[in-house]
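Here's a structure for you.
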Amino acid sequence: MSEIRTGAPTPPGTNNVVAVDGASMVFNEGRSNQVDALCDIDLVIGPGEFVSLIGPSGCGKSTLLRLIANLLSPTSGTVLVNGKSAHQARLEQDYGMAFQQSGLFEWRSVEKNIELPLELKGWKKADRRNRSREMLELVKLTDFTEHMPWQLSGGMQQRVAIARALASHPALLLMDEPFGALDEMTREHMQTELLRICAAAGTTVVFVTHSIPEAVYLSSRVVVMSPRPGRITDIIDVPLGGDRSEGTREDDTFYKLITEVREALRASETGGPIVVGVRGIEDR
Amino acid sequence: MFLVSLVLVASLWELYKFLGPEDGGEIFGWPVLPRTGARSMPHTWEMVQRLFDPEVRGNDRPIWFAVAGYAWYTFRMALAGLIIGSVFGVALAVVMSRFRVIERGLLPYVIASQTVPLIALAPQFAALGGNWDLPKWTWVAALGAFLAFFPIAISTLRGLSSPAPASLELMDSYAAGWWVTLRKLRFPSAVPYMVPGFKLAATAAVIGVIVSEVSTGVRGVGFAALTYAQAATSDPAKVYAAVFGAALLGLAMFGIVVAAEAVVMRNRPRDVAA
Amino acid sequence: MKFARVVGPPVVVGAVLVGVWQLLVVGFDIQLYLLPAPSAIWSALLDRVGAIWDAMYVTGTNALIGLIAGTLFGIAMSFVLMRFQTMNELVTPLAIALNAIPIIVLVPVFNNMFSSTTEVPRRLMVTLIVFFIVMVNVAKGLRQVDAIHLELMKSYAATPRDILVKTRIPNAVPYLFTALKIAAPGAVITAFVAEYFGGRQNGLGYSITSNEAISRTDAMWAYVVGACVLGLVFYLVSAGLEKVTSPQQQVGGLAPGGATTS
């Protein structure tokens, strides 16, 4: 399918989509309820990568995602998206975002929900209509264009939320446990769908989850984090190739990688050696 | 079912009239039983029949027609009050939503206003209105607006604060400003909260207007009820005509809000209500 | 610090409003028959403390008796509604309709049915209004028990009586308090308004209108202050009762379709 990148072009020599450098996030600094949510995070993500953030509660994975999204500002360090500040990237709408609750507006039809970001960008009505139809086809919900969100199942609502997140064809997709509220079977189905959609569009994805199989199945790299203070303890490559399918779930390599991630998580919990894995990518 | 209950009420009325003491009675020394004489408690069919008789002896106008006129007058004042009150109520809620300081300063008063008889200020409205040479109905409507304003402000503010944090984050991620977020997210979210507020406000406006009539002598249905009641010794069924008029008026106001609710909530999920 | 943050703004607003009011009246030399200055209200208050107290007593007693009677009848009736579905279907539309109707116009009717020299018509009116509020809300609380709780009781082979006592009634208690927080000030307002429609010449409502009639707006406002105090006291007592009996529960009165007056 023809694919249009509408994000601002990255300056030459810096084709990293996300570059987090020494970022820290402290809540309630100086007060008795101070929380060191993130401590000295370094992370670089290149175009087309699918990176999962995984870790126990309180490890700061959602906070890190929100730093990238510029919904929070780091107390120190920098966050660059597409070579510019995260703030600038948000103002220029360089990314799309999806949350655990689908967050659809209950008073808007499915179609109008998808059109929301386009309305805010000032697109004309006809253009909006065309794009939302295109997205509906992408997530295979064309039959439900005029439906209201409450008429749809949880999985379908999440598909609409993903369609909305991709409506403006952003180069970067940020997702915070979007499948967390779904049952296992729907979840696995959605994972395959997500891979298909992102592969077709070449989207870079940062994905927060606390499901190990999900992280391994979806990602090209898995970032393992641990809490108190939140930090990256390991980055694990997932060489499962680009053509993943339901069959992949039964591969030996798949299980091996799951074990690797699980052990990394355990090590981080017991305060084992902090292994800083492969950092950054020179070229993709 | 509603008709059945009406019939039941009418029969209870007649039953009591049949059984009850003529001059009123006492329970444990408390004079709580109403009089059942023809003067105090007319038969239900007499009430209906009286509707078609002339309002005043020698006058051609049947009473139901007169009462309809009064009720219509009251209705217009109450409706004007409701509309004006809603405009100000919603505006205040928006301002309070935008400026937390104002919310903290004013909200306690707005909430407290729900617990005190604001109607007590009706005579003050009358005095001011009289001085500015405004026609009487304006300040009666103004009192209605005053009473409608508070429940609408409270419920709208509540609704404006109702969106889920994820939705607010979503609008943030779109770099949408406060005003855009208000229009596209907060306001539509607020609608289900505003509906009960409007129902309360409609009732409050009607009551406010009716009570004001009593102190200002404006000729609406409240005034009619009081005047007819004073003639009750000679014409006991007459006052009930005014009561029916007031009832219809209240139902009409309520009906308007319910109709608006149906339109405005048509695409929303049905509440699993009692 | 937090206390100051919460209490500060309203106090400041109140002080500013009163200050501006005083300045306006004095500055524009507004006559007493139009709008009294806060200082005039204050002195009128001090002059009449006894009379205001008496009037508050009358209106307050009417409100209180009506409140208690209405609550008792309302609770009783709600049990009936819970038990008999037909009654429920009959009464609920009636209650909704009556909520929309300004039944306050029935006060002159009551004055005829009883004598107009007793407080009974006013108390009856308050009782009626409180009755419907309490009945509808408590019935809701008794009926709308979580399905999970009912299933649990069924698995214990609990008798209907057990279910009533152990599940429905505790569930209904917050609903009762929500109703009370609305009905208590409502009782004051009703008792007050009922006085406008004739009857004995005592009480706050009467004093207010009579003072207005002789253009003593300062005295009028003094009684208005009394009415506000009365309403607030009723509300605070019911809120306090709620806190005392069920400290962890608080069904706010502002949820959409939560507390109902219909």
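Note that the chains are named A, B and C in the order they appear, and that numbering of residues resets to 1 at the start of each chain.
In this section, contacts are C-beta pairs under 8 Å (C-beta built on N, C-alpha and C of every residue); 3 or more make two chains touch, one makes a residue touch a chain.
All values reported here derive from a predicted model rather than from experimental measurement.
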Intersection of contact partners for chain B and chain C: none
Longest centre-to-centre distance from chain B, chain (CA-based): A
Gap in Å, rounded to a whole number, between the CA centres of chain C and chain B: 16
Centroid distance [mean C-alpha coordinates] between chain C and chain A, Å: 53
Multi-partner residues of chain C (at least 2 other chains): none
Multi-partner residues of chain A (at least 2 other chains): none
Touching residues (chain side chain A, partner chain B) in the complex: 66, 69, 71, 90-91, 93, 95, 97, 99-101, 103, 105-109, 116-117, 119-120, 148, 150
Partner chain B, residues of chain C touching it in the complex: 5-6, 8-10, 12-14, 33-35, 89-91, 93-94, 97, 99-102, 104-106, 108-115, 118, 120, 124, 140, 143-144, 184-185, 188-189, 192-193, 196-198, 204-205, 208-209, 212, 215, 217, 220-221, 223-224, 227-228, 230-232, 234-235, 254-257, 260-262
Of all residues in chain B, those that touch chain C in their complex: 1-2, 4-6, 8-9, 24, 30-32, 34-35, 39-41, 101, 104-109, 112, 114-117, 119-121, 123-124, 126-128, 131, 154-155, 158-159, 192-193, 195-196, 199-200, 202-203, 206-207, 210-211, 214-215, 221-222, 225-226, 228-230, 232, 236, 239-240, 242-243, 246-247, 249-251, 253-254, 271, 273-274
In the complex with chain A, residue positions of chain B that touch it: 164, 166-167, 169-170, 172-176, 180, 184-185, 188, 191, 267-269
